[in-house]
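The same chain A turns up in both complexes below, where it pairs with chain B and then with chain C.
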Partner chain A sequence: MGERRRSLLVGVALIGPALLVLLLVFLWLMASYLWLSFHAQNLFTDLQPVPVGMLNWRRLVLDARFWQDAAQTLRFALVSVSMELGLGLAMALLLNQRWRGRGLVRSLTLLPWALPTTVMALGWRWIFNDPSGPINGVIGGLTGSTVPFLASPSLAWLAVVLADVWKTTPFVALLLLAGLQMIPADLYEALALEGGNARQALLRITLPLLRPYLLLVLLFRLAQALGVFDLIVVLTGGGPASSTESVAGYAYLNAMRFLDFGYSATVMIGMFAVLLLLGGVLLLVLRRPARFQP
Partner chain B sequence: MPASPSSQPIAPQGRQNPRRWALVALLLFWSLAPMLWQLYTSLRTPDALLGGLAAIGRGWTLANYGQILTSDPPFWRYLLNSTLVGVGTTLLTLLLAIPCAYALQRRGGLQRQLVDGALLVAAAFPSVLLFLALLQLARQFGLANNLLALCLPYAGLSLPLAVLLLEAAFAELPRELEESALLEGFGLWQRLRWILVPLLGPAVASTAVLVFLFSWNEFPIALTWLSRSELLTLAPAMARIAGSSVFSVPYGAFAAATVLGSVPLLLLLLVFQRPIVAGLTQGAIKG
Partner chain C sequence: MTISTTVSSTISSPATSPATALQLEGICRRIGARTILEDLDLTVSPGECLALLGPSGCGKSSTLRLISGLDSPDRGRILLGQRDITALPPARRQVAMVFQSYALYPHLSVARNLSLGMEIRGVDGATIARDLNAVLELLQLGELRQRRPADLSGGQRQRVALARALLRRPQLFLLDEPMSNLDAQLREELRPQLRAILCGGGAPVVYVTHDQQEAMGIADRIAVLDAGRLQQCGTSRELYHRPATLFVAQFIGRPQINVLQEPDGSLLAVRPEHLQAVEEGGVQVRVVSREWQGASQQLQLDTPRGPLRWVCDGGRTIGDTVRIAWEPRHEHRFAAGGGRRLTP
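The block that comes next holds the complex of A and B.
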């Protein structure tokens, strides 16, 4: 009895500090947003919290800019994450084959992922520059006119997608590579004996067995993409005409520029709710155990 | 279980596979070209940049680097701040995560599954959502503009991933090893200090690198916690450079800043590529 109690105490002592930090950072802070969303804390209240009931929430529902940002963020997340999964899978398949120099190429392809987002976002701003960036250098040389990538609402969001795909695809590829290495080689050998080709190997062995990894990466990347902030702040500043503004950017704007903390917290809770909903739906739809094909 | 290294899909053997080499070349171009363009830009004078390829023979300069290294505050200051926060965060995270991962792994059972699930959700959580609450916390306790205090939220945010990765690594260690140490009369601290953690070397290294990368790259929280320009870390400093008009024709100086901001990570990644890949692989398998 004393022994068990002691082991419990040791367990608490070991896990406790980490758990405390986690609870503090995540739960307590989210709870404080919930509380703040029922208060006005802005310039009119001298930055002191004043209870206002559902006012912030009513405003959120009627706020066209919030819904526009939500739609833009969702579009960005869906397009960039699907491209990252497709390209990441291709990259992982290539990097999983045996060839000379593979190790070096693996580290070099990881570089975009390791660099700070703000650093490379600044780089991309120069690459998309009109008319002096390299892309416009090529386009201008071929057609004689240049494309205002970052000044046109219909193109700026695609520029953001491209920069995000460039940065995060290596991470997706790395996790999928981990999954590929878990697939036993004899499965492929058996298929080859049956006379199966490479396409069948991909569809009948690789993809089904990779499913849990794809799901993990999908959820992880989707959550991160829906919180996109750094890249947009530096690359487009949310412009032109807030056509690339994300929900996180709008929450930031409300807090730091308009000093409206109550509403900013409401926007973030709204975003969090969307995130939970989307994640839950995806898990329900996609969560089926991987099947071995006979 | 470690991945069996032999598990490779069948692929045509030999070197004469032009399609593969074309793909590898494409991949390298895609990954490196944007960075090489920055390097090129950083070495060019403003006039040469606008002149296009016709002016390739002249207009090479180091002035862009001189400009950002002598501005106020000099650029190396941001690198120093980021390094300080990165090292502090990494140490704090490991200190909290190693015991936690050890206890979770050895305990096992339903408790552990629940905690692991929660950790996974927390690891995926977009940290930008927390900046406002953290800012209020910082104001309340007077922690704003304090680089060491910034390590606290950073450690909290990196803990979930760190614990998951280390837990996977602890699972690899044979229990017999620990039991024999127990018979020798080693206490818990001694077992961790002298047997378990040294054996975990590669996993600890990869976790440390990942935590360091996170802290080096983190932006929204640094942006709100730090306002004094000599205390900025790299990420908010870049954003501030991007938003300022200090540089008249700025792209050469911008590019020099991106190059200098990338070099430390480049070195880190080239040195630690193997443990990073191995550590993430292991963690992903367990997760």
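The block that comes next holds the complex of A and C.
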């Protein structure tokens, strides 16, 4: 009894500081935003919070731009994250094989991820530039005309996806590589001796045993991608015609350009609720990890 | 615990062609500058169980990996039946292996662990169900069929690994220290079982172990390896009574054989159990220490030519002096350099 209580106390003492910081910077923040979402705080109220009940929430439900941004954000997240998982898995499988120079390539692949987002977004803005970027340099040289990558609503979001995939695939590959290295080599040897080929090894051993890692990466990346902000601000500024605007970008716009803090808080809380729901579902799936032999 | 031979025979495959089932010819294996195996020749007869015995690092597990195809030799040929399998990938060798770690698929139940191999080989569902049930019954795994490997004891895991090997219907079984993860008591219990299941005249077995008791208990013949070289291959009687090298003489038999330096530089070896007390003649010795072991006692003797071990049936205490001798037929003589046997 005393033993158990003491270990409980030690546990609380150990996680206490981290919990306190979380409470301060996260829960307190979310709570004050939730409170703010039931208030108007804008230029008409002299930037003082005035209770307005459900007004902000009613506005959110009817706000076509919010729903358009939500759809755009979801499309961006789904397309970029699935590409990152596919490419990252391929990269991890390749980096898990034995070949000359693997160590060097492993370090090099991490470079895009190590680059600050704003810096690499500026780089991609130049690459996609019409007409003076290198891609248009090639296209122009071949066809005589150039492509307005960042000025066309149907292409700009793909440019954003491409830049994001370029930056985050190495991160995905690194996490999956860690997962691959947890799989004992003798399982593959056993399957080979049973008559299995490489494809069967991938389907019957690698993917099932990598499942917890795949789900973890999926959770990480979806949460990050759904909150995308800095990449879009630098690369397209949300344009053209708000066709690449994300929910986070819209919340920022409401607060910092329209000085409508009450509504901005509502957008944020709305997005947070969706993320929470998504994370909850994924965590439920995650809870049953494949067990290894001790 | 009885093993149904009828079930056993439906599972193990018929032996290959007569003469030799497995033949290794001049196998060499190097990793970097290190020589793992040097010019190894071995043959295994149909239905035979051959143990590869030696200290760790002697090349016994490497030999197994070469036979299975998980590694390739730098030189030499491997023949399985009439087939040259030296260049064949592991999947096409029709060889089953029980790994030291058992290598069970951690995410699959016992039943799925066993059926996966048949599934990927394209065996039809009815056959899979029939063979699976037969092997589950043979190895008394029926109750465990839904368990994951993590929920099994060491002995149960070993049985699953063995069942998986049986279901492969191989031309050859390879076992890599299958008992090393089990406690001593379980090991002795399982030895006759393992022998009954595997060495029952079906496909031949190559069994790697560092434990001479295990090798003697399971194998028909034993190949002793040291530092990548085959020291001797023969029955346990041959290894005990006519060791080909000093290494074999010292590795086989407990307590270890006595070795005395002869004036000409050669070595004379006599087993502790072959020393006898005599009335006259022989050597005068003094008992310096004693270990009582129930049926016998092991004495440490001090002699003018150095210390000797003696296993006798009692009646002596520390400080006693006694005359001991041995029959000439129990003498082994070895050359000074490589320790090769000199006596016929």
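Note that in this section the second predicted complex is superposed on the first by the 265 of 294 C-alpha atoms of A that agree within 3 Å, B and C clash if a C-alpha of one lies under 4 Å from a C-alpha of the other, contacts with A are read in each partner's own complex, and residues count from 1 in each chain.
Note that in this section contacts are C-beta pairs under 8 Å (C-beta built on N, C-alpha and C of every residue); 3 or more make two chains touch, one makes a residue touch a chain.
What you are looking at is a predicted structure, and each value in this text was computed from that prediction instead of being measured.
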Classify the contacts of A:L89 with the two partner chains as first (chain B alone), second (chain C alone), both, or neither. neither
In the overlay, work out which of chain B or chain C sits against more residues of chain A. B
Touch test for A:V81: chain B only (first), chain C only (second), both, or neither? neither
Name the contact category of A:E189: first (chain B only), second (chain C only), both, or neither. both
State whether A:I232 touches chain B only (first), chain C only (second), both chains, or neither. neither
Looking at the overlay, what does A:L162 touch: chain B (first), chain C (second), both, or neither? neither
Figure out whether A:Q200 sits in contact with chain B (first) or chain C (second), or with both, or with neither. second
Looking at the overlay, what does A:L209 touch: chain B (first), chain C (second), both, or neither? second
Shared chain A surface residues [contacts with chain B and with chain C]: 184, 189, 192
State the interface residues of chain A toward chain C in the complex, per the touch definition above. 184, 186-187, 189-197, 200, 204-205, 208-209, 290-294
Residue positions on chain B within touch of chain A in the complex are 3-11, 15, 17, 20, 23-24, 27-28, 30-32, 34-35, 37-38, 41, 49-50, 52-53, 96-97, 99-100, 102-104, 107, 115, 119, 122-137, 152-153, 155-157, 159-160, 163, 188, 213, 216-217, 219-220, 224, 234-236, 238-239, 241-243, 251, 254-255, 257-258, 261-262, 265-266, 268-270, 273-274, 276-277, 280-282, 284-285, 287
Given the complex with chain B, which residues does chain A contribute to the contact? 10-11, 13-15, 17-19, 21-22, 24-26, 29-30, 32-33, 91, 93-94, 96-101, 103, 105-112, 114-127, 129, 132, 134, 137, 166, 170, 174-175, 177-185, 188-189, 192, 201, 206, 213, 216, 219-220, 223-224, 226-227, 229-230, 233-234, 237, 248, 251-252, 255-256, 261, 264-265, 268, 271-272, 275
Within the complex, chain A is touched by chain C residues 68-70, 89-93, 95-97, 99, 101-107, 116-117, 120-121, 148-150, 157, 164, 168
